[in-house]
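I'd like to ask some things about the structure below.
When the chains are written out, they are named A, B, C and D in that same order, and each has its own residue count from 1.
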Amino acid sequence: MINKFRDSVDEVLADIPDGATIMIGGFGLAGQPIDLINGLLRRNLTGLTIVNNNAGNTDEGLALLVKSGAVRKVICSFPRQVDSWHFDKKYHAGEIELELVPQGNLAERIRAAGAGIGAFYTPSGYGTTLADGKETRTIEGRDYVLEYPIRADFALIKAHKADRWGNLLYRKTSRNFGPIMAMAATTTIVQVPFLAELGDLDPENIVTPGIFVDRVVQVDSTNPKEHS
Amino acid sequence: MINKFRDSVDEVLADIPDGATIMIGGFGLAGQPIDLINGLLRRNLTGLTIVNNNAGNTDEGLALLVKSGAVRKVICSFPRQVDSWHFDKKYHAGEIELELVPQGNLAERIRAAGAGIGAFYTPSGYGTTLADGKETRTIEGRDYVLEYPIRADFALIKAHKADRWGNLLYRKTSRNFGPIMAMAATTTIVQVPFLAELGDLDPENIVTPGIFVDRVVQVDSTNPKEHS
Amino acid sequence: MSIGHRHPEKLTRAQMAERVASDVPAGAVVNLGIGIPTQVSNYLNPEHEIILHTENGMLGMGPEAHGDDVDVDLLNAGKLPVTEAPGCSYFHHADSFAIMRGGHLDIAVLGAFQVSQKGDLANWHTGEPDAIPAVGGAMDLAVGAKDVFVIMELMTKAGASKLVPELTYPVTGLGCVTRVYTELAIFDLDRSGNVRVTETYGGVSVADLCDMTHLDLIDATE
Amino acid sequence: MSIGHRHPEKLTRAQMAERVASDVPAGAVVNLGIGIPTQVSNYLNPEHEIILHTENGMLGMGPEAHGDDVDVDLLNAGKLPVTEAPGCSYFHHADSFAIMRGGHLDIAVLGAFQVSQKGDLANWHTGEPDAIPAVGGAMDLAVGAKDVFVIMELMTKAGASKLVPELTYPVTGLGCVTRVYTELAIFDLDRSGNVRVTETYGGVSVADLCDMTHLDLIDATE
C-alpha cells in the first residue's frame, strides 16, 4: 500500500544533506511551509542553495535560516524588502550569493525542470542586465533570452489537503509555486493541515498528482480561515 | 457586463475565414467538439490548417471536413488509423499536407504559443526522422531538438461547464488538449452542455480561466454520463 | 470622467489613477502594479467588470480585505490580503506568468523611474552600485501585456524629466510602454519613437513640455 | 510469479505480459502501451497499488469499462473506455506529457519492431515508403520513463532477430530501452551496448541466442 504520510517534521527532513539545493514554496505568508523551514533550521546544515520568491523577511523562517549561515546561495526574484535585514546584511558582507531571476522566468525555469525541457527562449529580461552574458535569439521579430531549468534536490511546500498517494489540493493564492516546485525536485516534502482518505479528493480538482510528492506531514494551520 | 455566451453554433463560427489555422480539441470522442466541427463543415471553407491529435476517423466530424476538401494541411500526431480512410485517400492523392509531431511535442508547442515561449529544447524525437533538419543541442549530456510554438487563429473545444466570463470545467479525460488550445488561439470557441451562473464554479477548480475563452455556445451532450 | 484635459491644475496622484481608470475598457483584464497603480482599482466602474490579475495566481481579484475578511492564503502581489470577486479563479505561478508572457492581459499599469520615447521602461533598479537588486514580476509584466500604461510624476524633485530620449536607469523592458500618465500630460508612445501629447494639465503647453523633456513632442491635444 | 526461468516452453504473449507484471515494484507509476503491453495490467497485484498513467491525461486508471460503466469522456490512450481507481487524477495534455518527458514515470512498457543492443527503440514506423506515418506518444514515452521495458517476439516470422546490433527500422528513441521481454529470453540492456541474458525459455541456451541475434550476449542467467 502506498503511504506517503509521515509522522513528524523532523523525520521528513532527516536526510537533507549539507550543500543541498532546496526549493521552498510560498509567496508572502500564503503557502509558506513554515514548520518545514523551522525544521530545516534545526538541522544546522551548511552550504544550502535556496530557491524561493524572496530571501526571507522579518525574524522568522527563511530569514533565520539565512541569518544562521546555513545558506550559501539564494535564487529568487525579490530579495530586497523593508524587512529583509538578515539577507541584506549577509549580502553586503559578501557572505551569500544571489542569483536574481525575473519572477516569471523563475517559475518557467522551475516548470521546465519538472517537464523535461532542456532550455527555452523567453522574452522576459531581454535587453536588461539580468540577461547579461546569456544567449539571445530573435524569433519571428521578437527578442528572447535562453534560460535553463532550475532543479532541486528537495522541495518543501505547503498544501491544504493530501491523501496517502500524495495527491494535493491547495487553497487560494497559497498555490503559487507549490505545484511547479513539486515537479522540479527529486524529493518533494509537503506540510498540510488536513489529510484525506484515498478517493475522497475529487480527481477533477487535484492540482498536484501524487506522482510529484514523496512525503506528507500533517501540521496544524495557524490560519483560522483554513479551518472554516 | 461580460457575457461570452452566444446563441448558436453558426453564429460563433461565422467569422472564420478561408485559410485559417484552427485547433480542434479532443482525443477520441472525449472532448471532441462535434457540433462545432459540423458547423465548420457547413461553412464550406477552403485552405484550412487543422491542428488535432488525429486526422479524422470514420465518416463523421473532422473526417468529413477532410473529405470535403476544406483542409489544406493537418498538424497532428496520429493520422493513420484503421478508420482514417478519408485522410488516407487525400494523403495518397497528394491533396493534403501532413506535419507529423510527436504527441508530447504537439502539446508543448501548443502550450508554448499560449505561454509566450519563443522556442524550447525537447528530448522527444531526437535522433528520429521527425527531427530531420531541425536544430539540436546537447545540454548537460542530454540531446534535445529545438521546437517552435504552434499558434492558431481559432480553437474549437468542448468543455463540461462554463460561466459567462468563459471560465471552464472539463470532465475526465475530455480535458486533454482543451486548456492548452484555449491558450494558443487568437479566438477560442467552446461548446458546453451546461452553463453556470457567475460565481457558481469553485475558483479552486476552474481549469481554464475565462481570459482564454472568447465565445461559449450551449449544445446538448449525447453522453448520458455527462448528465448524471 | 470628471477631469477635462487642459485642466488648469496639475493632476494629483489620485487623479492620475482616476484618469487611467477611465481609459480601461469594460471587461478588460488588467494587472495593477504596486504603489499608485494599485489605486486605479478605486476608480474602476463596478458595472464594467474589469478583471484584475495578480501574478501570484489569481484572476478576478476583489478589493483589499479588512477585519474578519483577512485570509493570509489570499494575498495580492504586494502581499496584502485581498478578496474574491465572483468569477475569480486560481492557478499556479507558471500558469500565471504564462498569462502575462503569452500576451493575454489587456493592460498592465506600472510605476516607473524613467520611460524612453520608444517606450523602454526603467522601474526595477536605481542602478546605485550598493543597492540590492530585486525585480519581482516587473520584467514579465513589461513584455507581456498588450498595453503597458505607466503612471509617474513627469519631473523629478531635482527638475529632470523622467520621460527621456534614452534611459539612464537600468532597463526593465524595451519598447513596451504604450502610454504615460503624468501630473502634467498624457503621452502616447510607439516603438518608432514618436511621442504624442494627448492631454495637458496645470496650464502647460506642448511647447513647455518639449522644453521640459528635451523631446520633439507631437501635439495631439485636439 | 508462476513461470520459472529456463522454463522448457516458450512464453506465450500472455505469459510475457505476466512476466513483466512480476517485475513492476509495488507503488510504481507505469504507462502501458497499446497491444500486448496493455495486458500487463491483468497480472498486476491489486495490493501493490501500481498506478497506471494514460497519456491523454490521467493517473490512476482503472480496468476497462463495460456495459453501464462505459463513459465516452473516460478513455485510455487506445481510445477504449476505462474506469477510475480511487486516488486517480486528471490533467491536460501538456501536463500529462510533462509527467513523461520530465522523467516521473517509473516504467513504460512498449511493443517494438526492433530494439538495438544499445537500447535504441523502433516501434513507430515500418519505414515502408507509402505508409502514412503516425507516431502518437511513442517518442515521448521512449525518452521519458526511468525504465522502458519492451515486450516483443524475439524472432520475426521470417526468422530474423528483432534484437539487433543496429536498427534498420526508423528510430523512436535512442538508448532508452532498459529491458526486453521475449518468448525465448529476457535481456537487460545498457547504453554501452552490453546485453545480459537474465532468463531463458523454451530450452534455448545463451549460445543459441547469440547465434539467433548475432550479438555477443552475456550470460547472466545464474
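The criterion applied here is as follows: contacts are C-beta pairs under 8 Å (C-beta built on N, C-alpha and C of every residue); 3 or more make two chains touch, one makes a residue touch a chain.
Please read these numbers as outputs of a predicted model, since none were measured by experiment.
Under the touch definition stated at the top, chain A and chain B share these contacting partners: C, D.
Taking each chain's centre as the average of its CA atoms, chain A and chain C sit 29 Å apart. Per-chain CA centroids place chain B at a distance of 35 Å from chain C. Counting only residues that touch two or more partner chains, chain D has 58, 84, 90-91, 94, 97-98, 100-101, 143-144.
Multi-chain contact residues of chain A, defined as those touching 2 or more other chains: 108, 111, 115-117, 122-123, 170-172, 203-204. Taken pairwise by the contact criterion, the protein chains fit none of the simple patterns, being neither a path, a ring, a star nor fully connected.
Pairs of chains meeting the touch criterion: A-B, A-C, A-D, B-C, B-D. Those residues of chain B that touch chain C in the complex are listed here as 1-2, 111, 113-117, 163, 165, 167, 183, 198-199, 201, 203-204, 206, 209-212. For chain A in complex with chain B, the touching residues are 108, 112, 115-123, 137, 139-140, 142, 144, 148, 169-172, 202-205. Chain A contributes residues 27-31, 77-81, 84, 87-88, 91-92, 98, 100-108, 110-111, 122-130, 143, 170-180, 207, 223, 225-226 to its touches with chain C in the complex.
Residues 54-58, 71-75, 79, 84, 90-94, 96-98, 100-101, 120, 124-125, 130-140, 142-144, 170-174 of chain C are the ones that touch chain A when the two sit in their complex. Taken together, the chain D residues at the contact with chain A in this complex read 26-27, 29, 47, 49, 51, 53, 58-60, 84, 86-91, 94, 97-105, 143-144.
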